Amino acid sequence: MDKFTISNLDLYYDDFHALKDVNLNLPPNEITAFIGPSGCGKSTLLKSLNRMNDLVEGCRITGKVLLDGEDIYGDMNVNHLRKRVGMVFQKPNPFPMSIYDNIAYGPRTHGIHSRAKLDDIVEKSLRDAAIWEEVKDRLKLSALGMSGGQQQRLCIARALAVEPEVLLMDEPTSALDPISTSKIEDLAIELKKDYTIIMVTHNMQQAARISDKTVFFLLGEVIEYGETEQVFSVPNNKKTEDYITGRFG
Amino acid sequence: MKDMKETIMKIIFLISACASILAVALICIFLFANGVPAIGKIGAGEFLLGKTWRPNNNLFGIFPMILGSIYVTAGAIIAGVPIGILTAIFMAKFCPKWLYRFMKPAVDLLAGIPSVVYGFFGLVVMVPLVRQFCRAFELNGNGSSIFTASLLLGIMILPTVIGVSEAAIRAVPDQYYEGALALGATHERSVFFTVFPAAKSGIMAAVVLGVGRAIGETMAVIMIAGNQPRMPKGLFEGVRTLTANIVLEMGYAADLHREALIATAVVLFVFILIINLLFSLLKRRQK
Amino acid sequence: MQAMNKQTWKQKAKAYRSSPLSLFLLILVALASLITVCALLFLIGYIMVKGIPNLTPSLFAWTYNTENVSLLPALINTILMTLLSLLIAGPLAIFAAIYLVEYAKRGNKLVEIVRVTAETLTGIPSIVYGLFGLLFFVTTLKWGYSLLAGAFTLAIMILPVIMRTTEEALGSVPDTFREGSFGLGAGRLRTVFVVVLPSAVPGILSGVILAIGRIVGETAALMYTAGTVAEVPSSLLSSTRTLSVHMYALSSEGLYTDQAYATAVVLLIIVLLINWLSGALAKKVKKG
């Protein structure tokens, strides 16, 4: 069964038609990459999957988005949805608190206050995000003192701490150096065993390296969706080929 | 010729810029020169810690007034700060636009109302109410009290606290809020447990500024605090603040009495300087 | 088709049911704001309702006596006091701001000191200003209780207000204007007065209005500098009382409560006008 089923999704910012009749089925335990030139709607679609677009004034959505068959725009509690569908932002955004408190923020929000339990969650999340060894001796120090790459992995750990099912990543490496980038990529491949990962990326090579499926967007429309290998080697659509070979974008 | 004009005007501008330095220097010199000798004559301990203020008997202890100012200010903080900060949070993070267009001018107006008008309102509305309350519970007190003054000052510091806190909350980057939301926190949780702590030092600055306003307020306090120059006895009994002491007696004081009043202003001035220092330190930390 | 991404009331209510803490916090902030607004509305409403019926023509008689308790002289004095204070502080504050923004070099020690002293001036309570005015203008300079002593005292008080807003206004004038003017061979002085200052006028005006608000509401700084004579002054050295001082005198004497209400109404109307004006001006500044 597919994790996300998106059907007939249209999205408007006031009069601007940002997503046009999107239909996608995203399978579980895989990395799906959204690619396309800036302003093509890939980030917008990502944010529709955990309803972060609700914050945008003048944004209007019609259609259907099902998570495990359940309508996320229906009766589902938004906060529960966001617990199930975690998000990692383009720029690392640790809270101005200690490393420990950053990770514990989510679990505490959802009612876990036992010290021992929180300790476990913090360690497990940091281990899963492959950053435990680097920070285990300074959990009480401010998260703002970490390097950019560490901050981003901290944010991934923070997202993991609430035990989501899906991880949305909005260009998670665009603000990082190559070494940090490759660490995050390895991490993503590691994490797909347990999570469904949907990643927006500007970086063609990144999509080719780590994703299983690739969706190509252009001007708010899905132009092509398929196995990454196929999309990158024998694209069905001429526009996809032009974009991948660098003729526009 | 043209260069002359440029140079002359530049000097005029420079002199103007020094006006505020001159003003602070003059204020310091005149206050300290007239006030400090009195403290010497009375004795610093006697003056600051003396419990009796009876100018006719040459007793000049301002400890009751120092306590009075501290109590009334503390009361104003207790009454005004929580409401002020919560209102600021509402205005920055909860308020729909159409309501903000009404709230913002309302808070500005609160700041613009003269202190005599506040004092008059306290005199005709709050004092009688507190008096009735005291009668009902058989408390000593005629309505003019620490409690009344605290409440009124609490309202008067609202615009200061709201204005500075709101700015501090708005200065917190949106990513903190969005980060918390994406973890499944509700709007309220994100605001209170992520945005609010990030604005902490700015909000502290707001409180300090509120303290400054409350401790320096004069007219409104005189009209409703009772002004008895004795050690404060209770929440519902009268009290005299440092500011009130100056205004009430300056009109007829002479010699040492007059100097003692100026010395009272010196004490007040030192309080204010400390508060200003604290405020600028906090503001620097927020940056 | 109906947008589905806006949460309906039903959805929100459901979310709050599962999160009582959030509901509690929501109620808390709403309640606090309600208290703030109600305090304001009640204060204004109460004084208006009690005061407007007392606004009799005799209150606006040309001369004050204990029978008519006219507030007209005090009103005129307020206007005179405002004009005189602005005349003294305005140019000084604007020139000072011009020096700080247009002339002083970055990292200039003097600028630092001026900023600190201006901030100090902002924090000083008005009674301390009043006392200083008494010691310096009234006693040392031998002006006595007078319009002039009061105006100078208030001028020091409003100096930092006008200076700060002017600084901000000058600072927000884009550098391209200055470059353009310099590029045409204009000197610094000409650039400042012909190009920079005119575009900063709305910002400077908002500072002036803020200052007027402070002057109109001031009492403590004036009682021992301008005194309490309720007459239109015959010279700069005669004693005067402004509307706020008048209001204090009436309410502390306790004999003229009705007239005090009426005076409060007049003060509130002035304050409302000032706030409305500064709001309108702020909108203009924003539009540019």
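In this document, chain identifiers A, B and C correspond to the written order of the chains, with residue numbering beginning at 1 in each.
Please note the rule applied: a residue touches a chain if its C-beta (ideal position, glycine included) is under 8 Å from a C-beta of that chain, and two chains touch if they have at least 3 such contacts.
Computed from a predicted model, the values in this text were never measured in an experiment.
With centres computed as the average of Cα coordinates, no chain lies farther from chain B than A. Chain pair with the larger contact count among B-C and A-B is B-C, by C-beta pairs in contact. Each chain gets one centre point, the mean of its Cα atoms, and the points for chain A and chain C are 51 Å apart. Once the centre of each chain is set as its mean CA position, chain B and chain C turn out to be 17 Å apart. Centre-to-centre separation of chain A and chain B, using mean CA positions: 49 Å. Among the residues of chain C, those touching two or more other chains are numbered 15, 19. In chain A, 79-80 are the positions where the chain touches two or more neighbouring chains simultaneously.
Chain B has residues 186, 189 in contact with two or more other chains. Within the complex formed with chain C, the residues of chain A that make contact are 48, 51, 53-54, 59-63, 73, 75, 77-80. Contacts from chain C toward chain B in the complex involve residues 15, 19, 21-23, 25-26, 28-33, 35-37, 39-40, 43-44, 46-47, 50, 91-93, 95-96, 98-100, 102-104, 110, 113-114, 116-121, 123-132, 134-136, 140, 156, 159-160, 163, 187-189, 213, 216-220, 223-224, 244, 247-248, 251-252, 257, 260-261, 264, 267-268, 271-272, 274-275, 278-279.
Per the touch definition, chain A reaches chain B in the complex via residues 50, 52, 55, 79-84, 86-87, 89, 91, 93-97, 105-106, 109-110, 155, 158-159, 162. Considering their complex, residues 2, 5-6, 9-10, 12-14, 16-21, 23-24, 26-27, 30-31, 34, 82-87, 89-91, 94-95, 103, 105-110, 112-121, 123-125, 155, 158, 162, 186-189, 191-192, 212, 215-219, 222-223, 243, 246-247, 250-251, 261-262, 265, 268-269, 272-273, 275-276, 279-280 of chain B touch chain C.
By the touch criterion stated above, chain B contacts chain A in their complex at residues 173, 175-176, 178-186, 189, 193-194, 197-198.
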